[in-house]
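Two complexes are shown next, each including subunit A; its partner changes from subunit B in the first to subunit C in the second.
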Partner chain A sequence: MAEPKTKNHLWLHVSLITFTMLALYPVFWVLALSFSGQQSVGLIDLPKDPSFFERLRGILPFPAHWSVKNYVEVWTEQQFGRWLWNSVVISAMTTLLGVFLACTAAYAFSRFRFPGRNTGMLMFLVSQMFPGTLMLIPLFIIIVKQLQLGNTYIGLVIVYATTSIPFCVWMLKGYFDTIPYDIEESAIIDGASRLTIFWRIILPLAKPAIAITALFSFMTAWNEFILASVFMESEANYTAPVGLRFFVGGFSSQWGFFAAGSVIVSLPVVALFLQLQKYLISGLTAGSVK
Partner chain B sequence: MASIRFDKIGKQFGETEIIKNLEFSVNDGEFMVFVGPSGCGKSTVLRMIAGLETISSGEIWIGDRVVNNVHPKDRDIAMVFQSYALYPHMSVYDNIAFGLKIRKLPDADIRKRVKDAAELLGLVNFLDRKPKALSGGQRQRVALGRAIVRNPSVFLFDEPLSNLDAELRVQMRAEISKLQRRLNTTTVYVTHDQVEAMTMGQRIAVLSACDKNKPRATNLMQCGSPMDLYDRPDNIFVARFIGTPNMNIVPARLSDDGSTVNSLGGSMPVSAQFKQAAQAMRGREVMLGIRPEHIGAAHEIDWPQTQAIQGQVEMVELLGHEAILHFKVGGQIMVGRLHSHGHLPAPGDTVTMQMKCEAIHLFDPVTELRLR
Partner chain C sequence: MNLAEHLKRSAVLGLGFSMLLSLVLGTWMFRAEENDLRLQQRQRLAVLRANALVLAVADTDAAATRSRVQEMQELNPQIESVIIVAGTQLLASTRAEDGAPRALKREEKPLYDLSNLIRTARETNRGEEVVRKKTVQIEETTRGHLVVTLPYLSGGEYAGILQMKFNTAGADTLGDKADSIALPLWMLLAALLAGTFLRLHPEKKIDLSKLIAIGVFLLIALLYQQQRIERLEQIEVQDNQSVAADYLALAQQYDRLGILSLARDPASVNRWDTDQYQRPLGLIGADGRISTEGQARQFAKRAGLFKPILWAINLLTAAVLLMFIYGYAARGYAAFRKNIDAYIYVAPAMIGMLVLVFFPFAYGIALSFTDTTLYNESLPFQDRLIGFENFRHILGDFNVYQHTPDGISWNYQNFYWTLMVTVMWTVTNVTIGVSVGFLLAMALNTDGLRGKAVYRVLLILPWAIPNYITALVWRGMFHPQFGVINQVLQMFGMEPVAWFDGVFSAFFTGVATNGWLSFPFMMVVILGALQSIPKDMYEAAEVEGASRWQRLRFITLPLLKPTLIPAIVLSVVWTFNMFNIIFLVSGGEPGGANEILVTKAYKIAFENYQYAYAAAYSTVIFMILLVYGFFQTRITKATESF
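On to the complex of A and B.
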């Protein structure tokens, strides 16, 4: 038998490492900035006439001094804690409302035949084709002018939930469609009502898909900036993304706070992803394989 | 316990007619099998009994009430699905107990009933497992357990064995029959497999698909005991459907006095049961049916009256205990039976086989009904 030929993977590795570094460079920069204990974007002070190595040193994401000052101060001296809390409440409410409505709607679209069923699904799809900014003015008129919900949690929650529902419904309907109808008929004969079937059979079986839609709803609300910046007028009601922008907008340029805040904001999402990753694959491939 | 009665049941899906003028009854405690090719509406019949399908016309009776508008859960039935339809996220115990929990039985009662069912079906060691950790046969048993635990007055089976491998199918066939006899519950069983129908059913109903080109009064072709259907098929459809290998059906002509029937270059006396009908149709075309086991080699049979036919061997299928002989007689493929240990002809050989005269069936070529 011939020796299995060991392939030289060197170039593959070199290119992969290069691209990984390229992708991670901004992340490292933000991390370095957040731990630098200062507010300027530059991590080191370059001398008047820098040499090549000093310039090289200047683009490495490695601060001259290490300090957690930015993290401490972003909590103590700024309203960042408050903004984070706003984001948590709004995102949680959006997730609950969005997932609940999406589940019930998707179940109906999947199982019942009613006039407007196909049109309804199509409208959901069409609604996803417009850029979010296009909706800014109509949403502002509806939520702020007509419903008087400007500057409130509930106003943003309604907007976020309606934005995330179309995707969630498509996602969940696709998953519900793969649950054999036999199972439900069997439950009907067993004596279960529609509601019982929905709660005790369908929802437990759709856990992976629900996890994904929940994550999606949460991220929609958690990361959104434009609508929140328009709807939330008072500083106390800012969400985290709007607050972050506040550090570096207008006359201030507190990049250190911005970086520390960004890291804090991304932690819950990372945690959620890690928590839900076991569902990710099965949830995302749902519907592709029966 | 309850009987089931179909009173002039019809079912259409839009323009398409699925069930036409179906009339039959299943007696209390009887095992009734619905059999037919795919698309004949047999599953629809079952689903109408279960209440999962609406009824276009007619009345269904279970016991002494019309159930057309009774919700499935109030019909006191249990159904076993082809796919088993187990709840994948529940343990075997919870699967079996689900219907009882929904009906809010006391916990102790539920535990006892599930335990009894599990013992009956040999599932005691698997109660904590999820369905995906079970074999096909075990899943099938869980589905059975879910049905029997409720102690319903009617069992409905929708092709429950078609997902099992051949060996297991034979075993479960016997188990279901035994279980039904033991519980003595009225049972309707749907299958496309005529062997299952013959072996399990106390009575069999044969359905055929509604065909616009062949308008019939109903798509229930015949309903009777297995041997009834086998020995006295009402029409060519049933004759062909019941029995393996299929019955040979060939064109024939009655003699001018109606006493003999001529086919395949020979002439056979008309047996007593067809005498009268043959008189009425004397000199006319008929269809002659004869089962493969009634065509044999002269030295292997001792039938009182035979007619020889000669043909060319096309194929010999060796089954071990017997051999199935396909041979061509004047453009017509005939199937006969030989002992497997005797001399077997080779394809291309000319053979002379004997037909058992008293075993022939006669059918009207136009209506396809048995002459009577």
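On to the complex of A and C.
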């Protein structure tokens, strides 16, 4: 058994490396495009009747000339900086509001027994079943048409925060349940109020779970495209996703700006994702088994 | 006996609360009815003039049309402006700065779209010989300023649209005569007074004081409602009178100008006073006389709409009264006081969810029973109600393909085509995701493989990148002229493919993109499950002489099942709703053939502006997911027991 094993591994490595390279090709392609200093979707200007090797050179993810021009100009000549700022503000506000709402509700669900508790938790679960498009049209009519909150931060923030609540509440409640009740009981005997207990004891103890909830809310807002494109009509109010699509959607094809912008937008979420994947996966599968 | 005790024992709280609720809800509803009546009145006056104009220019040449429209606008100061659009031409306009006749400008495209919308509505009504679609579009931009658009006919044929801006200020005969607040206040006072003298015994099932309380409540509530109904009827009568007067005055103007000789024959139909389907209302004859039976019919129709609401209000408020006099309210309040902390903690999230998730959800469902579009959304809700019409249209249209001389031609706009594409899309993608994920997980689970962690992190990257970026990147790589994928094809001497022009190739672009971003999830989930399978099971099987295939078939697959099934269930829902990939990669091209249900609903709402139709479409999607969820839980339960 020992002898063929090494041989198998060689072939396994070869096929795994090949697959990985192919799978990562789009990533390299965007990186190459972002450093190419030009706007075309092709990396190289091909001659009229290109040979096999010229074509091969054209698909290799290395730009003809290395340049950071796209990164500089996407900030200076385009509104990308502004869009990124909009995204940062909206995501940050969503995180604050979402975490606040989720923490208080999860605490009550975990620690109090009150009439309506089960109904409330079930409502949160059921709301996860509503498909996005069914919500999109009424939300558009209510928020943009009736409340006139289109093109504002607040309109998107309240919608994002409430859509992330159910997941966050269930996750936090699960964590709060693991904190022993004895700690609170002794605090009550010492004369602490509920608010003090919540603020001084529970929240500090639940820091890891709160951090994950916060990052989840942040990523929800940061990566959202449809609602943002419907709510934000004027160019100055675009969020980063809507702006990136603006570069290459419709009749414009500024692929260089798109690539540079994509790299900037993706880096933080990819880093966060790789850190958090364990929790996300366990949360997702746990929720679906239930 | 102190005051608090007295309040507890008497019926004053119960009667007061339920009466207040009944009066507030009732007043609110009748206010809405009155506002609706007034809007209807404004619309009638506008439609009257618009119909008159269309009839006056129906058989004239272009120059005469322009001068007639101009004349009538000058005679009627309430008409702010009139334009006629025929095809891509602005045929006539009373605004000198428009410089009609000329071609429509680019920013006037909405007018052209509106013209097409009305033409289709008219053709649908004709073709089906049922009046189903409104041919008159009315929009109230600000209160009192109406924009009416209706078909412009030339020689009996559809030729375009006539749009009239109409200012009804001063045309509102009733004005804003606010109804007195005194009456409901007196009624509330009477209820409170009666309540003070009634002593309650919550423990008894039935006693005289309870009966009196209920009697007093019903008496006052019904009296008030009767009074309001009479008032509404009176308003309707006055409205008819004022429209009749207006009609006669307008008729005289037309007579005097010699444009139109009105038939004063009492038997002929009044073709000016119509509803939004351009059917004569039958309330006012051609001679200006009011038809009493038409009026009664009109009011009965309105009463049929608001009576059920009144019944609902009465039931609700009576239930509140019963809750009070049987002591439930007091007990509920005590429970609320006891758990006040919990409710305060839950309230912010709960209110947020109610306002921004549950209310919009209900609103979306309600919207699907209307015919709301961008052009009529300012109308009151009940005027837009059309029942199950949208659903009938979506689900009842089986016109999926046609036989043509060239073979079968598919109707890409049909719901069942889109449903079929969605199902194929979901099945293909989940199959690819599971198989690629499974192969990779098996590879990465090999004993003693070096660099596992590196492979795992690198292969998880496609999942980590925001999916809208992935979609746009693949769109670039599939670029028909400069895209990398066509370069590779050409490298091996193949012809480049116009990816987004063919039904199958465009479908493939979506599948490739989605496959790329969905395999990591499956890989990670399966890898986790594989690692939890005890190694000694394989060793034991090997000792027993089981082949590789047998080990896979009888150990790995059964043990993977509990993890794999929830993961598949989840990814089916994700793929079914995967808006970004379809919308951003192929955009449903060619000709909408590759739309999936969710992108289709989006396009109906935000490109055709048919909000209600899109809401109905989304409701159908929700129903499909609900049915799927139902079966999915049954399947999951079955596998759990296994």
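Simple rule for what comes next: the second predicted complex is superposed on the first by the 252 of 290 C-alpha atoms of A that agree within 3 Å, B and C clash if a C-alpha of one lies under 4 Å from a C-alpha of the other, contacts with A are read in each partner's own complex, and residues count from 1 in each chain.
We adopt the following convention: a contact is a pair of C-beta atoms (placed from the backbone, for glycine too) under 8 Å apart; a residue touches a chain by one contact, two chains touch by 3 or more.
As the structure is a prediction and not an experimental result, all values here were calculated from the model.
*Asks:* Would you sort A:P180 into first (subunit B), second (subunit C), both or neither based on which partner it touches?
*Replies:* The answer is first: A:P180 touches subunit B but not subunit C.
*Asks:* May I ask you to decide whether A:S262 touches subunit B, subunit C, both, or neither, giving the answer as first, second, both or neither?
*Replies:* second
*Asks:* Which partner does A:I189 contact after superposing on A: first (subunit B), second (subunit C), both, neither?
*Replies:* first
*Asks:* Is A:N223 touching anything from subunit B or subunit C once the two structures are fitted on A? First, second, both or neither.
*Replies:* The answer is second: A:N223 touches subunit C but not subunit B.
*Asks:* If you tally the residues of subunit A touched by each partner, is the higher count for subunit B or for subunit C?
*Replies:* Ranking subunit B and subunit C by residues of subunit A touched puts C first.
*Asks:* Touching A:L24, do we find subunit B (first), subunit C (second), both, or neither?
*Replies:* A:L24: touches subunit C, not subunit B.
*Asks:* Determine, under the contact definition given at the top, whether A:Q148 touches first (subunit B), second (subunit C), both, or neither.
*Replies:* neither
*Asks:* Once the structures are superposed on A, label A:Q275 by its partner contacts, choosing first (subunit B), second (subunit C), both or neither.
*Replies:* neither
*Asks:* Please work out whether A:L205 is in contact with subunit B alone, subunit C alone, both, or neither, and reply first, second, both or neither.
*Replies:* first
*Asks:* Which of the residues in subunit A end up touching subunit C in this complex?
*Replies:* Residues 5, 8-9, 12-13, 15-16, 19-20, 23-24, 26-27, 29-30, 33, 40-42, 50, 52, 55-56, 58-59, 100-102, 104-105, 107-109, 112, 114-115, 117, 120, 123-124, 127, 129-142, 145, 158-159, 161-163, 165-166, 169, 194, 198, 222-223, 225-226, 230, 241, 244-245, 248-249, 255, 258, 262, 265-266, 269-270, 273-274, 277, 281, 284-285, 288-289 of subunit A touch subunit C in their complex.
*Asks:* What part of subunit B is in contact with subunit A in the complex they form?
*Replies:* 50-52, 72-73, 77-79, 81-83, 85-89, 98-99, 102-103, 146, 150
*Asks:* Could you list, by residue number, the parts of subunit A that touch subunit B in their complex?
*Replies:* Going by the criterion above, the answer is residues 180, 182-183, 185-192, 196, 201, 204-205.
*Asks:* For the complex, which residues does subunit C have touching subunit A?
*Replies:* 335, 339, 341-343, 345-346, 348-350, 352-353, 355-361, 363-364, 367, 377, 440, 443-444, 446, 448-451, 455, 457-470, 472-477, 479, 482-484, 487-488, 490-491, 516, 524-525, 528, 562-563, 566-567, 569-570, 577, 579-580, 583-584, 598, 601-602, 605-606, 611, 614-615, 618-619, 621-622, 625-626, 629, 636
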